[in-house]
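Two complexes, one shared chain (chain A), two partners (chain B, chain C).
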Partner chain A sequence: MAIEKVRDILSTHGRLTTPVDSLEDDSDLYQAGLTSLATVGLMLALEDEFDIEFPDSALSRKTFGSIEAIADTVDDLLE
Partner chain B sequence: MTKQTVSENEFSQLIKEVHSIGGEIVAPNAEDVDVKARFPKEGIEALKSLKLMSAYVPAELGGMGLSLKQVSKVCEVLGGYCGSTAMVYAMHKIQVACLVHHCLEVDYFKDYVQTLVNEQRLIASATTEIGKGGDLLSSFCAVEVENGDFTLEKKAPVISYADYADDLLLTARRSPDAAKSDQVGVLVSKSQYQVEPISDWDTLGFRGTCSSGYVVTAKASQEQITPVPFTEVLSQTMHPFSHIVWGSLWTGIAASAVAKARLFTKNAMRKNPNMPPISSIRLAEVETQLHTMRNNVLAAIDDYQSLLDKNDSDSFTNFGFTIRTNNLKINSSKLLIDIVGQAMMICGIASYRNNHDLSLTRHIRDAYGASLMVNNDRIIMHNSSLVVMHKE
Partner chain C sequence: MCNLHGELVASYDKYRTELIEAGLLLESGVQGVYGLSGTFEGIIEAFERYVTRAGAELNPEVVRFPPILNRKTYLSTDHIETMPDLMGSIHTFKGSQLEHLDMVDKMNKGEDWTRSLAPADVMMIPAACYPLYPTAANTVLPSEGRLVDLRSFVFRHEPSPDPARMQIFRQREYVRLGTPEQAHAHRDYWLGKGQEMLTALGLPVKAELANDPFFGRGGKVMAATQKEQELKFELVVAVASEEKLTAISSSNCHLDHFGKEFNITTENGEFAHTACIGFGLERITLALLKTHGLDPEQWPSEVKQQLEL
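Coming up: the complex of A and B.
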């Protein structure tokens, strides 16, 4: 499961206004302060950490909408 | 989602009628609308007489059932006669599209849309808020629900044609304790809201849109709250639909400037048939820009319509689609200034006069508004993040 690593990366790169520890896996990250600029850093860090590349079909607001959504996408890409 | 139900023949006939009210009613009032910064009431009334306020309402609900492409064409035609009239119409159509795409499963909105058809009502919108710097995706104000009704107070820096609208679509937080981005839309009718002006609208161009600032206070039934979050309405409808209808009406303004340049060039060639004037070369150049501008809009219509037809709500938040939609706005607004400027070079000092058949002073003033309404710099900033992630 990628979820713990996703949480770590999110706390380093997400620049959220709400601490990651206080977020549920399905909390809305945009409501927690995720900006489009921070999404870039987050995506690059995820690609480096997991050695994956997000395809165009995964590049949407929804993919980065929650910890769960990110982890699901990462898991799919790792398969 | 909405499919075309009006045949090409019927639509050609409609466009003829739009041209006819354009020439007979909209254009003759355009100067007065502009000089006095007044609402283009004659033009909007004429559009109502053609039942065009419900042009995008599906035929099964009594509307005209025009497709997005057809609605855009109407906006383009109107843009050729008066930018402000076309802008008011386009903004109204954006609100109609939001209701048609997202709200028809709720009885209140379905009934409302039928009232819109019958009464040809005009809808204004208040999506920006003082202190939010143009960010549509967050609100300070919130709806407060009690006993089935809600109250709302919003300080809006601009509400176009607020004094002349029959209904108002506002955004607000879902509740007083909701996050700033947890927004809903609410549709309120004239008897359910008051507007208190806080700023006027004395601008360079688009003067007839009467986009003053207001404090809005509203009280209405809870069922008038949109059934889906505003983020969905924005990404699936308001954002793409706005840039398409705006791009269309700006194309109309540009085409009308090029038409004046063509008229000038024809007259110059009549006077001196042996030597092609430099204006004919400039005209050929500006035609290529107009061609690009129009084709960009058509490509965006195809792009968006294919997502609507696919009916996959996630596809609208794809970064590539967002970037392309933003590019349409940036390109269209820049091309508009370039094209009108080129047309002025062709027509010369006549275009610089306010009182001349070849005057382009209103065109160039309107043109500069296109880059500033939803500021291009903010759009570029947003794209600058997305393009790094985007994959072709």
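Coming up: the complex of A and C.
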């Protein structure tokens, strides 16, 4: 499961206004302060960590909407 | 894919060559930068008057800005984050006598002399409405909001063989600043009105949901979001290519993006929403020339009547 690593990467690259520790897995990351630019940094860090590449079809707001959503996408790409 | 691209470039080359041979465009040696003939400019002027007549009953404020803006203002927007590859930053020489000699020496040797330059206080404007917002910064809008008529050359660094993709071109805009409802109504009104105006000129435009050309893969996320929220619509028509249509006008909701960036508020203390319609003046002229022929005197009389040509 990618969820713990996703939390780590999010706390380093997400530039959130709410601490990652206080977020639930399904909390809305945009509400927590995730910006478009931070999404790019987050995506690149996830790709680096998991050695994956997000396809164009996954480059949507939904993919990065919550910790759970990110982890689900990462899991799918790892399969 | 390769073939398709080749066909597209061939259609760009064909129309561009026709325009140049007809003397309507003058080449500069750089893709997407042209001189325009009196005939071309005359069509632009007639279309602008057509836009003025269409907006007159709404009694807009008229403001004209030059195509450069304060570098600080530019940096107050997020353009550097979203479309860095399109920006135009103005640099000049600010060095000493010795540094000047060094620069000229490098230039003569064919070396990179541009490292001797330093940024001026100005940037090229990426859209006609950018210089407006700082003039409204820290203000409270009247209850009816504001409607502003703008026109400027704008710069986008995207050299292309497509004559309709110029690096520097004019946008005529009506911008609304107000409540979310006022901004949304403005966008919807002008999307319909724009379609009506262009159709009346014999241009079979279609409205399409669109997105801005945000940079890179992160830009794809932004583009998908913009589309999900249905913020941008373009009116498209065949210009150089029948297959790949060209946007000649766009109607956009910016939500409270600029209201927040420049602290523009409505009477109830909320950040103002903004929306705009933009007409791409050179592209509309190119669409008219493509549709009705390269000699405006031979255009259908209804079109000439509408444009009072």
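One rule holds in what follows: the second predicted complex is superposed on the first by the 79 of 79 C-alpha atoms of A that agree within 3 Å, B and C clash if a C-alpha of one lies under 4 Å from a C-alpha of the other, contacts with A are read in each partner's own complex, and residues count from 1 in each chain.
Criterion: a residue touches a chain if its C-beta (ideal position, glycine included) is under 8 Å from a C-beta of that chain, and two chains touch if they have at least 3 such contacts.
The shown structure was predicted, so the numbers you read here are calculated from the model rather than taken from an experiment.
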Which superposed partner A:Met43 touches (first chain B, second chain C, both, neither): both
Chain C versus chain B, contacts on chain A by residue: B
Contacts of A:Gln31 with chain B and chain C, given as first, second, both or neither: first
Which of chain B and chain C A:Pro55 touches, first, second, both or neither: first
Common ground on chain A, meaning residues reached by chain C in one complex and by chain B in the other: 36-37, 39-40, 43, 54, 56, 59-61
Chain B - residues contacting chain A, complex: 137, 179-182, 231, 235, 314-315, 317-320, 322, 382, 385-386, 388-392
Partner chain A, residues of chain C touching it in the complex: 78, 81-82, 214, 216-218, 220-222, 224-225, 228
List of chain A residues in touch with chain B within their complex: 28, 30-31, 35-37, 39-40, 43-44, 53-57, 59-62
Of all residues in chain A, those that touch chain C in their complex: 36-37, 39-40, 43, 54, 56, 59-61, 63-64
